[in-house]
Amino acid sequence: MTATMTDVPPPAAPKVKGSGGPRSRSTLTRALLYTFFGLLLLSLVRVITDADQLTSAGQIAASLGLAVPIGLAALAGLWSERAGVINIGLEGMMILGTFGAGWLGWQTSPWLGLLCGVGFGVIGGLIHGLATITFGVDHIVSGVAVNLLALGATQYLAKIFFAGGEAQAKGGNPKQSPSSEALPDFSVAGISDGLSSIEKHHWFFVSDLAGILGGLVTHLSVVTIIAALLVVATWWVLWRTSFGLRLRSCGENPIAAESLGVNVYTYKYAAVAISGGLAGLGGAFLALVTSHIYLEGQTGGRGYIGLAAMIFGNWRPGGLAMGAGLFGFSDALQLRNGGTVVHALLLLLFILLLLLAAWKGYRKAWLQSGLSALTAAAVLVWYLTTDEVPSDFVGATPYFVTLLVLSLSAQRLRMPRANGMRYHKGQGK
Amino acid sequence: MVANRDIDITVHRGTVHALCGENGAGKSTLMKILYGMQKPDEGTITVDGEQVSFATPADAIARGIGMVHQHFMLADNLTVLENTVLGAERLHGIGAKARRRIEEISGAYGLNIRPDAHVEELGVADRQRVEILKVLYRGARTLILDEPTAVLVPQEVDALFDNLRELKSEGLTVIFISHKLGEVLSVADEITVIRRGTTVGTADPRSTTAKQLAELMVGSELPSPETEESTVTDRPMLTVDGLRLTQTDLDGVERVILDDISFTIHQGEVLGIAGVEGNGQSELVEAVMGMRDPGSGRIRLDKDDITHVATRRRREEGIGYIPEDRHRHGLLLEAPLWENRILGHVTERPNSKGGLLDLRAARADTARIVAAYDVRTPGIEVTAASLSGGNQQKLIVGREMSHRPKLLIAAHPTRGVDVGAQAQIWDQIREARREGLAVLLISADLDELIGLSDTLRVMYRGRLVADADPTTITPEELGSAMTGAAAGHLEHVDDSPEDEAR
Amino acid sequence: GSTSSEKEDSDSDSGKGGVKVGLAFDVGGRGDHSFNDSAASGADKAKKDLGAELKELTAKTSDTEADRVQKLTDLADAGYNPIVGVGFAYAGAVNKVSAKYPDTTFGIVDSVVDQKNVDSIVFTEEQGSYLAGVAAALKTKKDHVGFIGGNDNPLIKKFEAGYVQGVKDTDPKIKIDRQYLSRGNDTSGFTSPDKGESAAEGMLDRGADVVYTAAGNSNTGAIEAAAGVKGAWAIGTDSDQYAVPALAKFKHAILSSMLKNVDIGVYDLVKSVKDGKPKTGVSSYALKDKGVALATSGGYLDDIKAKLDAAEKKIVAGEIKVKTTP
Amino acid sequence: MKKYTSRFDKERLFLGIAAPLLAIVAALVVTALVILATGKNPGPAFNDMLTYGTASDSQVYILNKATTYYLAGVAVAIGFRMNLFNIGVDGQYRLAAFIAAALGGALTLPGIVSIPLIILCAMAVGALWAAIAGVLKVTRGVSEVISTIMLNSIATAVIAYLLQPGRLGELDRAGTKVSTEPLPSGSQFFVFDTGAAGELWGFIVVSAVVGVLYWFVLGRTRFGFDLRTVGMSESAASASGVGVKKMIATSMILSGAVAGLIGMPTLLNDSHEFSNDFPGGIGFTGIAIALLGRNHPIGIALGAMLWGFLERTTNHLEFQGYDKEILGVIQGVIVLCVVIAYEVVRRYGIKRQQQRVGAELAAQAAGPVKKQEVA
C-alpha cells in the first residue's frame, strides 16, 4: 500500500484569525478613529452640560503635567516587563529619582539633577535586577523589597544631606531638599494666543480642539517633551531594532532566545536598568518640574498608578500613554474643578454605558447588555437628581475611572508570555 | 551524577546521522553540549578537523551548527519573521531584506512559510518548519534535529524526510534523534546508539533490523502494545451524544471546536482517537472531564447524565485521568509526591475523612504506589519536579489506577516515556481493561493507538470523520485520514494505491 | 523582667535651676518651615532666656499611638519637664502618659487633654483666617476668591470656615471656590505642589484672583500659580511665606500669610514651669494674644489696614463670633 | 517502607534555619556599615537595641504591635498562597475598622453580644471590599494588583465622606480631631494587666486563634488543599476538580475577612474609636511581614515581632542620638536579604534533592555497559 500524500499542508488548529500583515496600520487608523469619536463625545457632553472646563487649555496642560510622571513610570514598567521582569518596585525607583534629582539639583544645575535622578533610578533597577535575575527571587517579592529599601534609604540620606549645614540654611530639612532652579519650559506664543481665542467661543468641537491643542503648546516643560520623545523612542527601539527584538524575546520566551545565542541576562539587566532610569526620570520630573524640591512622600503611589497605566495600555507605548493621559485628565479635572465638572462626567459615563449596552445587545450578549443598560439608567438618575458629585468622592475619580475602564477591557489585554517567569541559564530542556 | 560519559561519535559531512537511545539516555544532553548550551566536563569536539569549544549557542552557530530542539523554541507572540531573525539580525537586518531571504529559503526547500504569521496561529508541523527555517537562515552546515517527528503524522514525517534528503544533497550534515526505529532506518546513513549516557555502538541502517536496533538500545526485546483477546462487553460506560462545543473569542467571533461528536465506550473497551494535534482531541477530553461546558449534546457515564456535572463529581463517580501535559494538568511540581498523590482525589479515601485530610494514610498510600509502580525516587517527600518525566508519569498512572476508575481517559499516556516504563503502563491499562475498565485513548503514537485500541475513530477539525478496525489498519492509512484525505469507514487495502474506501 | 526605665541609669533628678524641656514633634519635625518650627523657636527662646535644656524627638509617618506613648514615656523617665506634644496627633498619648507621671507637666498643641498636669495649647485659626478672608474680599477685583486645603481634616476646615465667614461678612456677593487636595487618611495633599498648582490654576482660570492656601508644602504650587497670573494674589499659612527663600521669585504675589504662633504657647509653658507655677487647663491663643495673626511683610495690606484692624477689634471684643466648621 | 516515609528531617531543619540566619547576619552587617558611615559607633547602638528591646514594657509593646501585624501578614499570606497579590489589605482593614467602629459606637448591647458583632461586622466589610476585586478578577479578568490599588483609594474617599461631623463622625473639644462615637466601656476587649510593663492587648488571643486556623485550614483540610492547589498550578487544580474561579473569589474574600480584623486590636483594645489618626498603611507592612515569614503561620509571627522590635528599638535610638531614619534602611535591607537568602537556600535545597534522586537512579541502573557493534 502507499499512503495518500496530500498537497495541502496539514491542518493548523482550527483557529481563524486576521492575517498579520496590515495589522499595525489598521491599529493606527483605529486609534485615530477612537480618538476622534472620543473627542466628539466629550465635546457633545461639554455643550450639553456647559462644563467648559472639560476641554480648556488649562485643563489639558494640567492633565499633561499630572500624566507625565505616571506615563514615565508606565514606560519604565513597559521596558522591564517586555523583558519579562515584573516591576512592582517602580514606586521605590521613582522615590530614588526624586531624591537624586533634589540632591544634586539644588547644589548644581537642574540638568545635572535630572541626570542624577535617572542615575539613582538605575541603581534601584539594578538592585531589582540583582535579586530577580541573578538570584531568581520572585519578582513581586523583590519589587516590594525595593520599595521598602528605597523609602528607607532616601529618608535616611535626606536626614544626612538636607538637615544640616548649607542645605538647612537654604531651606532643607529631613523631609525636603533646598530648592533648585527651574528647568526651561516653552510656549508657542502666537499659536497659544490664537488657539485660546478660538477656545473662548465655545464652538462645538472646534473650540474643544483648540483648547486641547492650546493646552499642549502652553508652558510645556522640556522634560515633558523628553518624555513624549521617550514614548516614541521606546516604540522604535523595542519594535524596530534588533536590540528591541532581542529584549522582547526575553519576555516572550527566554529559553528560545538563549538557544539562539541571545544572552538573556544581559538584556534583562539592560531592561531593568532602563526601567529604573525611566522611573527615576519620572521622580526627577516631580522633584524638578512640578516642585523644584525633593519632598518625602512626593511620589504618592504614582509608581503603582504607572503600573496600572501600563497594563491599561496593554504593554504598548501608545496604550500606556493613553492610560497615563486618562489618569492625568481625570485627576486634573477633579483638582481644578471639583464636583460640578466631575458631575458632567456622569453624562459621559451614561452615554458610554448606553453604547456598550447597545453593542452587547447587537452581539446578543443579553445579560451584559441588560446590566450595562441598568447601570446606565442608574447613572442617568444620579446625573439628573444632583448638581454636583460630593467633594469627597471627587478625589476618587481617577481611581474609579481606571477601575471602570479596566473592567470593560481587561480581557483584551495580553501580557508578555514569560513575564514574571524565573529564568536561569540552561534551564531549558 | 553523570549524564554523558565516554561519548565517541563521528558524523560525516553530507550524511544523515541518527542517534538512538532510551529516555534519559543522554541524547539531548549530548546535543546540547554540541550546541554550546551545556559545557562538558571533559573531552573534545572537533569540527572540520579543528578543535573547538563552545561557551554559548552563539559560538556553535558561528561554527555552522544549528539545532532544532526536542521542545519547540519559539516565542508564540512574535511573528515567524521575528522568531527567525532573532539572534541573527546581523545577517539581513530585521526588515524587508530578511523577509526576502526567508521567502527565498522557504521556496528553495519547499517549506511553505508565511513570515508575518504569529507563531501561536501555527500548527505543529508548521512550527517544525519554522524551526528548520531558523537553522537554515543562519547558514548552518550541520543540523541537529532532536526528536523532530514525535508530533508529526506519517505524511508529515515523509515530507520532513524529503526536506532532509534535499538538505543532504546540498552537502549539509544532519544529526537526527528519534525513538521511532522504523524512521531511523529509513532516513539515516549511519546510526549511533546511546545507553545510560555513553555510546554503546554504531549500526548500519542497510543491514540492521528494528529488532536488532532495539536490543542494542535497551539490552532486551522491544515491547509491543498489541492487545491479546478482546474484552469488550455490551454494557455502555461512556456515551457521548451529539456533543458540540463552541468558543467565542474577544472579537465576538464564534468558533466551533467540537461538532456533533457521538460515540460509546463499553466496559472493557479501549476506544482510540487518532488525529493531528489541535483538531479538538484535547477539548473533547476536557469536555468529558467537565473542564469545559458543552453547548449542546449529552455525556452519560454508566447511565448517569454528567453533561453539566462538575469535574470533581465526575472524578468521584469514577473517571480517571492521565492528562496529555503532565506538568500543566497532572502534577503540582513544587509539591512533594504525597501531595501529588492527593491531587484530584482529595475527597476520596484514603486521602481524606470528612472535610479533613488524612495525611498519614495519604503518605502510606503514596509509598505503596511508589513501590507498586516502580517510581524511582529516594522518598515521598521529594518534589515532583525532581523526578524524571517517566517516573512522574508512573506516579500519575499509579494514582489514577488506585481509585479503580470505571472510565480512564488516557491522553498520550506514554509520551516521552522510555521503553521499559512504556511497557509497564501498557500492561496496567490492559489489566484494568480485563477487569472491565473503559478507556478513552488519545495518542500521537499510531503504533500504540492501533495496538491498544478495540475501536478506532479519527478526528479532524472537531469532528469524528472516520473509523477503522485496529486489527487491519496500518499507521499510514490512519495517518492519511488524520490529514482529512479520507473519511468514513477505513478499509485496509493491500496493494491498491487508493487506500481509502467509502 | 524589668522595664526599660529601670534598666536605664535614670538621672531623673532634674538639673537644679534649669528646666529640661522635652519636645515631641509631629511628622516633619524641626525645620519644616511650619508649625513644628514655630514650636521649636519657642523652645529655642526658652533655652536662650531661661537656660532650658532641650531634647527633641520627631514622629515618623508610620507612628502609631504606641510609638507616641513611647516617646513621651522616654522623655518623662529621663526627667524632662515640661514635655510638649506638638500636634493634635499626640493628644491620646499625652492623655495616657500624663496620668502615669502626675509630677511632670505636659503640653499638647492643637488639642485638648483633660488631665490635671496638662496644658492644652490651642489656637484660633478661624480668627486669623477670618482676617485673611477680609483681606481677600477687599483685594479681589473680580469678586471671586478661592480656598485650597491640603487635607479635609477638621483643623484645615477651621481655616476654611473662618476664611469663608470673613469673605462673606465683607461682601456677600463674592463667589468662593473651595478645594481640598486630598481627603481622609490620604495626606498627600500636604506634599504635592503640583496638585496645589493645578487646583489654584483651576480657580484662577475660572476667574478667581485671590487664593488662600492651607496645604503645607503644596502652598508653593498655589503661590507659583498665582504669581503666573497678572493681578492675582495668594495668601499663605503657618509661616510668613513672603520670607521663605524658595518663594522669593513669587514674592510679588504673596499678599500675606496667616501665622500661627506656636512659639508663644511653648515659651509660656516652659516659663511657667520654670517659675514653679506650671500652667494647666486650656490655654487658648487667640487673635488678641497674638496667637494667630496676618503677616504684613511686603506691605500689600497697608491700604486696607484700617478695615482689618476694625475686624480684628470686633473679633477681640467678641462682637464677631467666628465659626470653626464651614 | 521506612525509606519512603522518613522525611529528610535534619536537612529540612537546617535549610529552614539557614535562610533567616543568613538574612539577619547580612542585615546586621549592612546596618553596622550604615551607622559607621555616619561616623557613629554601631556597637553601643546594637547593645542599646538589645537591652531596651528586651525590657518587659518593650515586650508588651512588641506583642501589641505584633498582634496587629500578624493579622496583616496572614491576610496578605492567604492571597499569596493562591498566587493572588492583595495590595488592597490596606483599604480593606481601614474601611472595616471604620464601619465596625461606627457600629460599635451605636450599639448599647452588653459586651458579650456587641464585641462579636463588631468583629463580625469588620470581617464582613473587609470581605465585601475584597470581594469586589475578586469578582472583577474572575468575571472580567481585571488584575487584582490594579483593582485593589484603586479600591484602596476609593476606600479612603468613602471613609473621608462618612467620617465627618453630621455623618458618622463627631468633633472633639479642640475641634481638631474627628472620630466615630467611642465604644461604650462594655464593648472594650479585655487586656492582660502586666503591671509596670503596661497592658497586653487581649486581642492577641484572637490573633493566635487566627494563626492556628490558618495553619489548620490550609494544611489539614480539603478546602485548604484545594486552595493551595490553585496557588501552585491553576491548570492542575482545574483538572483535579477544583473550581478555580470560585476558589479565587473565595480566597480573596477570606483574605479580606482577615484583613477586616487588622484594625480590631487597635479599636477594641486601644483607641476605642476610629478617628482621622487611626493607624494607616498596615496593609503594606503586612506584605513585608508575609514575605519575611514565607507565608508560614509561625514565620509570620516571628516577622511581626521582628517588625515590632525594630520599631520599638529604633524609636529609642533616636533618644540616644542616632538617626531614627535608620529604621527604614534596616527594614528594607532585612526584607531584601531575607528574600534573596531564601531563594539561595531554596535553590541549594532543590539541587540537593535532584542529586539524591539522581543518585538513586544511578544506583538502580548500575552495571557495566559493554560497547558493541551491529552488522
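As written, the chain order gives the labels A, B, C and D, with residue 1 at the start of each chain.
The rule is simple: a contact is a pair of C-beta atoms (placed from the backbone, for glycine too) under 8 Å apart; a residue touches a chain by one contact, two chains touch by 3 or more.
What you are looking at is a predicted structure, and each value in this text was computed from that prediction instead of being measured.
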When you check each chain against chain A and chain D, which touch both of them? B, C
Tally the contacting C-beta pairs at the A-C interface and at the A-B interface, and name the larger one. A-B
So which chain is farthest from chain A, going by the mean of the CA atoms in each chain? B
Using the average of all C-alpha atoms in each chain as its centre, how far is it in Å between chain B and chain C? 75
Chain C to chain D: how many Å between their CA centres? 37
Cα centroid separation between chain A and chain B, in whole Å? 43
Sites on chain A at which at least two other chains make contact: 174, 301, 392, 395, 411
Residues of chain B engaged with two or more neighbouring chains: none
Chain C residues counted as touching two or more neighbouring chains: 58, 61, 152, 183-184, 186
Which of the chains touch, listed as pairs? A-B, A-C, A-D, B-D, C-D
Contact footprint of chain B on chain D as seen in their complex: 1, 3-8, 219-226, 228-229, 232-233, 235-236, 238-243, 350, 353-362, 364-365, 369-375
Help me check something: in the complex, which residues belonging to chain A touch chain D? 88, 127, 131, 135-138, 140-142, 144-146, 148-153, 155-156, 158-160, 174, 301, 304-305, 307-308, 311-312, 390, 392-393, 395-396, 399-400, 402-403, 406-408, 410-411, 413
Which of the residues in chain B end up touching chain D in this complex? 1-2, 195-196, 198-204, 207-208, 212-213, 216, 289-291, 310-315, 321, 323, 328-335, 339, 342-347, 352, 355-357, 359, 363-364, 366-367, 370-371, 376-383, 385-388
Seen from chain D, its contact residues with chain C in the complex are 51-52, 54-59, 61, 64-65, 94, 153, 156-157, 159-161, 163, 165, 171-178, 196-197, 266, 270-271, 276-281, 285, 311-312, 315-316, 318-319, 324, 327
Quick one: in the complex, what on chain A touches chain B? 1-6, 8-17, 19-21, 240-242, 245-246, 248-249, 252-253, 255-263, 363, 411-412, 414, 416-417, 426, 428-429
